[in-house]
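A quick write-up on the structure given underneath.
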Amino acid sequence: MAGLLFTPLAWASLSLLLDFRKGRCVSWLGMVIQVLVSLALWYAVMERGGFSYALGGWEAPLGIALRVDGLAVTFVLLTAAVATACGLHAGFYLDACKPWQRYFWPLFWFLWAGLNGVWLGADLFNLYVSLELISLAAVGLVALGGEAAALRAALRYLFAALLGSLAYLLGVALLYGRFGTLSLALIDEQLASCEPALIVALLLMLAGLALKTALFPLHGWLPPAHGIARSPVSALLSGLVVKASFYIAARLWLELGDRLGSPWLAQSIGALGAAAVVWGSWLAFRQPHLKQVVAYSSVAQIGYLFLLFPLTFAVAEPVSLLAQQGITLQVISHALAKAAMFLAAGNLILSIRSKRVDALAGVSHFLPFSLFSFGLAGVSLMGLPPSGGFAAKWLLLQASLASGQWWWVGVLLLGGVLAAAYVFRIYRASFLEVGDSDDFYHPPQSLEAIPMILALLALGLGLVAEPVLSVLSLPFEVTADVNEAQL
Amino acid sequence: MSSALLYALAGVALCGIGLAGFLLLNHLLRRLLAFNLIGSGVFLVLVGLAQHRGGPDPVPQALVLTGIVVAIAATALAVVLIRRYFHLTGRTSFKAESEGDGGGAGS
Amino acid sequence: MTATALLPLLALLTSLLAAVVIFVLPESSHRVRILVNLMAALLKLVIVALMTWGVFHGVDFSVSFTMLPGVSFMLRADALAMLFAGLSAVLWLFTTIYAIGYLEDSPNRSRFFGFFSLCVASTMGIALAGNMFTFFLFYEMLTLSTYPLVVHRGTEKALRAGRNYISYTLGGGVVLLLGIAWLHGLAGDLAFRETGHFQGADPALHGQLTLIFILLIAGLGVKAGMFPVHGWLPQAMVAPAPVSALLHAVAVVKAGAFGIVRVVYDVYGIDFAFMLGLLQPLAWLAAFTILYGSVRAMAQIDLKRRLAFSTISQVSYIILGVALFGPIGTVGGLVHLLHQGIMKITLFFCAGNYAETLGVHRVDELDGAGARMPATSTAFTLAALGMIGVPPLAGFVTKWMLGTGALATGVEWAVVVLLLSSLLNAAYFLPIVYRLWFCPVAAPWPGERRWGRLETSAWLFWPPLITTLMLVLVGLLAATAFSPLSWAQLIVVRMYLP
Amino acid sequence: MNGSPPLVLIAASILLPLLYPLLAARPGWHSISRGALPLLPLPALLLALLSTTPWTLELPWLLLGSTWMLDELRRSFLLLTALLWGTAGLYAVGYLGGKHLRRFGVFWGLSLAGNLGLVLAADIVSFYMFFALMTFAAYGLVVHVGGNHARFAGRVYIVMALLGEMAMLAGFLLAARDGGSLLLAELAAGIAASTNGWLMTTLFIIGFGVKAGLPLLHFWLPLAHPVAPTPASAVLSGAMVKAGLLGWLLTLPIGEVGWQSWGQGLILMGFAGSLGAAVFGVIQRDPKTVLAWSSISQMGLMAVLVGAALMAPGQVSALLPVIALFALHHGLAKGCLFLAVGLVIPAGRLLQSFLWVLLALPGLSLVGMPFTSGQLAKAAMKGALMVLPNVPLAGLLPLLLQAATLATVALVVRYGWLLWQQLERGTIPASRWLGWGLALFCSAVVFWSLPTVALVMSD
């Protein structure tokens, strides 16, 4: 398990020393290792359930405690898949001639390490550190474009991320002051009554994380950053990075929300999510630039995630489970679909040499492959069967109906329709026939294959949702025999 | 009022000042400084509140140390970015440009 | 995996795999694509024939696995499924042949045939779906796979039609999803069953069930082109003729109608739906749509638009038959599902032939086309007469069964609607027929192409003739054992006498 | 199938004209397809002559399960149909030019197949099928000539025919439900037993009344018959209107008790048509239009007979042969008269006088001159009507019949006058003469030896 953190860190340092091309070869090797390790972890969890593990034998609070369960291992696998795809794509996509591109690989690996740290972290402070690692790496990646606009977006991103982190840290401080521990599990045990200070702490943490997740109306930083970054970077950011802070928020809520939260809080977070769905989709529909469309679509899709809060608050256990499964599927399918979409959008932009949507006219004639990937990913975003997005939406629908919160049904359905509106806008633009001349640049096939694979995964997720969810629900059992888990 | 609480309140006050600066100031460097101010406030709260077992608690000290390292890294990154930004555009704030056309020159 | 589980999957996969292969093939390899298309269509026909034979002898073809907690993906072939599957398998073959000829030398054929196969795969899935969830899955897949076909031409008009099409169908899909999800929350995973699921349902649930029923029908009604959600259909006419043929005869509108049949019979159960008082309004709506479509059709000058409004009218026959609450009416509705498909596809093939061979799109340009293209015009005439309900053509059989069914259940006004609709059909079809045969050619055809010995390309020439032969035979030999009528009777016997 | 003619003959009598369009549609086969026209009804004629005993044929695979049969009533209609179509076909060989010949052949064959088939059909669905086939195909004959007149006539024809078809279909649907059977033979009982009997009867009277030219449903007739090519007018007026009559006979509750008032109504309508048509007919300027009105007039008389049969269930067995006889007589005579319009006056004076005698013959037959078919028919009709109980206007009946005869005379005279004025000198192909002559021969001579006539006379 430690390998999951150390491999990326080691490769980050290694690739720091190399230029882009060598870094690429080294990193590909690292990806293979990382994927294998992730699979091994999955195998271990499947064999004997989840477990805790103290890094280097140092126990918390001073050591770094790790904890793996079905959910964590699902996200580890997801990260491996998406990051590998983005890494492969970036290897072909990025322009090796520009000197600063060599920093891509270290940043990429730091990001990966941070992500795994979040999935596996067991105490609040380590989560903070991992979050910061992710943020800094992500900001670096955004700034990799080198232009003023990219720097501007990166700075805005950085400020937002830092503010969010500090708000979170302040919450952590308050919790530590009250309980004297950083372990979520221990806090959960000690927490008996609802104190105002604790509520403030929870609110602070949630607000900080919401800022980092770009929940409406704190989403202002996301579209510029995701829109301007290079496509593989955007894919990473949209697919994985925002999910990390959400993951923490969700874990906080699921552990503490039932005692510290209130219906009012849950509903207003849900309402913000709903507003994000509607507003994000609407803005996505209005954007003139292709990648901005996809970026605003992220804002909308992230909105869905926050429906977790109302749908798990004060409802029956099975309903809560439905909602959790739904949200998890949404995270996974959005990660896959959005990564596919960004990569495909990158290919399209390469081909048409313009970022504008209306420059797509005629593309469907000559570049159906990338367009097809884009469309398949769109299917998942729209929540149409058999995609993972549909499976998620279905579960959320069931949860809303079963919990009697029927108003979310409207949000879910409306969101699908709006998603269809912006996805089909792209399609419409590309189907326009303008003459027979093929003056498009045709990217190499490997570039086209990667988004296609991701999109197919997102699409097929719905068909295999049951096995995926069964990984998710693997039981957690604390095993003393930690040495065996050293992977 | 115990000293611990005093620390904590001071920390909160620092946070407030920093936050106000962060939101109100336009100059990028000043915002960065405001951020550092918030950071200090948070660390103060962390150290201050965790005194309840009588003596100083080693854990928050360690945490704050880590936090400071992270903050330094972030500040350094921000400074680099701001500097580069200034070189490229000659600006020291976001305001001068119209908001929302971040779609600029990516891909 | 046993053969009974394998066959439905194979039926689905033939066209799915064909789609994949076609997408992968380069644009220029026309021969291979034609071969793949035809082989897949023939193979599917064989599989469907096998399954039909099996279902006739009571073999249960089914396959299912769990997709989501509490929801399974289920394919099952019952008699009703085979009715629709048979229709799409047979007409797919002819439409493919026709499309090959129609799109000769046009761009984007790889994309076209890929989505075309995908569309048929979805239709097959809709036919074989074993529960509401699976049905919805393929229903939406159909929406998506037909969009590129509708906008195939890539003109501004086509794109506008495509946007309209997708807005309507996705909107309908959303309503349908809501209904299905609600129903699922209420009653769990509902496999289609001949007698429905709510025979002895708690009276307290009746209000909710009524609401869900309305949602389901509204969602399905969009594709079935029911008033007032029919607006996409006439616009979708900008698509190439084989697509219109497929849309109108087999895939889209039929999917909606088929779904309504499924909901009424296999989910709610006809008795229960009747008890809820839901069938009466449905019958009224269907009757109104029948008349409305016909009246609107009369005012259309564009041939394909006229045919489109005719479809709106004709598809509601199926729904009317279902809503009549009687075995004979149901037989009529189900048979119409098939017969209307055959007739409408013939009409669209012919319209396509006129457009492709003579460059004629409007009714008033058709003067004298009968002399130039006698075979096509004969096919058109027979199909039009069939639509009017002239015996012994296919349309008569359904009209007769519907009329008898309506009378048997004491719904006399439905007969009046049927007769009125026949008159209206005559009013908009016969002038075309008249122009074809009895008007002299006014001006040279705008875009005439010569094809040698036949009046048009052989790919375009034979499909309408074969479907015409079919539409004569299904009427003339309606009483024989494997005719659509007998098959519908078999379905109804199994549905009403479990 | 006991004692019935071979199956192949039955099949041939329908299929030959039905498949003839395939031959006719072939380009370049003009002379062959034209020459085949008179041969089309031959198997049917043979069938009618050979079927000395009634037969029934079950065709369970056809449509919804079909039954065909030939009894005495149908046999006389079949004879009429086959004879008239045959002679008209022969006439057509010499009449038709090359223009639209293929189209004419197609519709001719289809109408003939429908006309023959509806006579043989014994179940609702196949009867309706053949009836519709005839109706729709005859449209092609009506508008064949083209031009505004023909188009207008065609439109009126098709609209009224469609209305009739719909009325018929509604009636059949109701009857099939209430009778519980698809057999025509069981309709009457079903209608009589049903509470909706009145509705069905109305629908059938209207539905077939369109074809039979009942007053107020007759508008298409004076328009359509004259504009059609002459041989087509002959079959329209001679044979196809009789299909409406046959429809009445097969569908109305004839032989059931309790339909007096309906019968009386039909009788009144018939007389009204018979006399009213004469008024309109004599003011026409086209001999064919006069003939069309005459057809309405004569069909009115037949409606009177149907009404009588409806009124007096006891007399049905006596009335049916009379109706059949009347139909046969009128069909052949009217056919001759129509065909005569297309003739020319030959050169020799003797020949001319001879021609005029011959031309007058069918007209005189219609009037009821002795030794003609008309005399027999009229006498039979009078005899049948006079014995009826409770005829409305019983006292006026002789007067009405006299008036009807007078109306016929007026129309025939008008026709003769117009013909006298319009016939021109010239030459026409021999087959035209032959066709007309054959029709005349059938009407005047063969008529007496026809099996059905012989049957009536022996009574």
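The first chain written gets the first letter, and so on, giving A, B, C and D; residue counts start at 1 in each chain.
Here, contacts are C-beta pairs under 8 Å (C-beta built on N, C-alpha and C of every residue); 3 or more make two chains touch, one makes a residue touch a chain.
As the structure is a prediction and not an experimental result, all values here were calculated from the model.
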- Query: In the touch network of chains, how many steps separate subunit A from subunit D on the shortest route?
  - Reply: 2
- Most central chain, judged by mean C-alpha position against the global CA mean: C
- Note on the structure: Contact-count maximum falls on chain pair A-B
- Query: Approximately how many whole Å separate the CA-defined centres of subunit C and subunit D?
  - Reply: 43
- subunit B and subunit C: spacing of chain centres that average the CA atoms, whole Å: 65
- subunit B-subunit D separation of Cα centroids, rounded to whole Å: 106
- Item | Chain pairs in mutual contact under the definition given at the outset | A-B, A-C, C-D
- Task: Mind listing the subunit D positions that touch subunit C in their complex?
- Result: 25, 60-65, 103, 125-126, 128-129, 132-133, 136, 140, 143, 146, 151, 154, 158, 162-163, 166, 169-170, 173-174, 176-177
- Task: Spell out the part of subunit C that touches subunit A in their complex, as residue ranges.
- Result: 23, 65-71, 73, 107-108, 110-111, 136-138, 140-141, 143-144, 147-148, 151, 153-156, 158-159, 162-163, 166, 170-171, 173-174, 177-178, 181-182, 184-185
- State the interface residues of subunit A toward subunit B in the complex, per the touch definition above. 61-62, 125, 128-129, 132, 135-136, 139-140, 143, 145, 147-156, 158-159, 162-163, 166, 169-170, 172-174, 176-178, 180, 182, 223-225, 227-231, 234, 287-289, 291-292, 346, 349-350, 355
- Item | Parts of subunit B lying in touch with subunit A, wherever the complex brings them together | 8, 15, 22, 28, 31, 35, 38-39, 41-42, 45-46, 48-50, 52-53, 57-60, 62-63, 66-67, 70, 73-74, 77-78, 81-82, 84-85, 88-89, 94, 97, 100-107
- Task: Give every residue of subunit A touching subunit C within the complex, in rising order.
- Result: 322, 325, 364-365, 368, 372, 375, 379, 382, 384-386, 390-391, 393-395, 397-398, 401-402, 409, 413, 416-417, 420, 424, 427-428, 431-433, 436, 462-466, 469
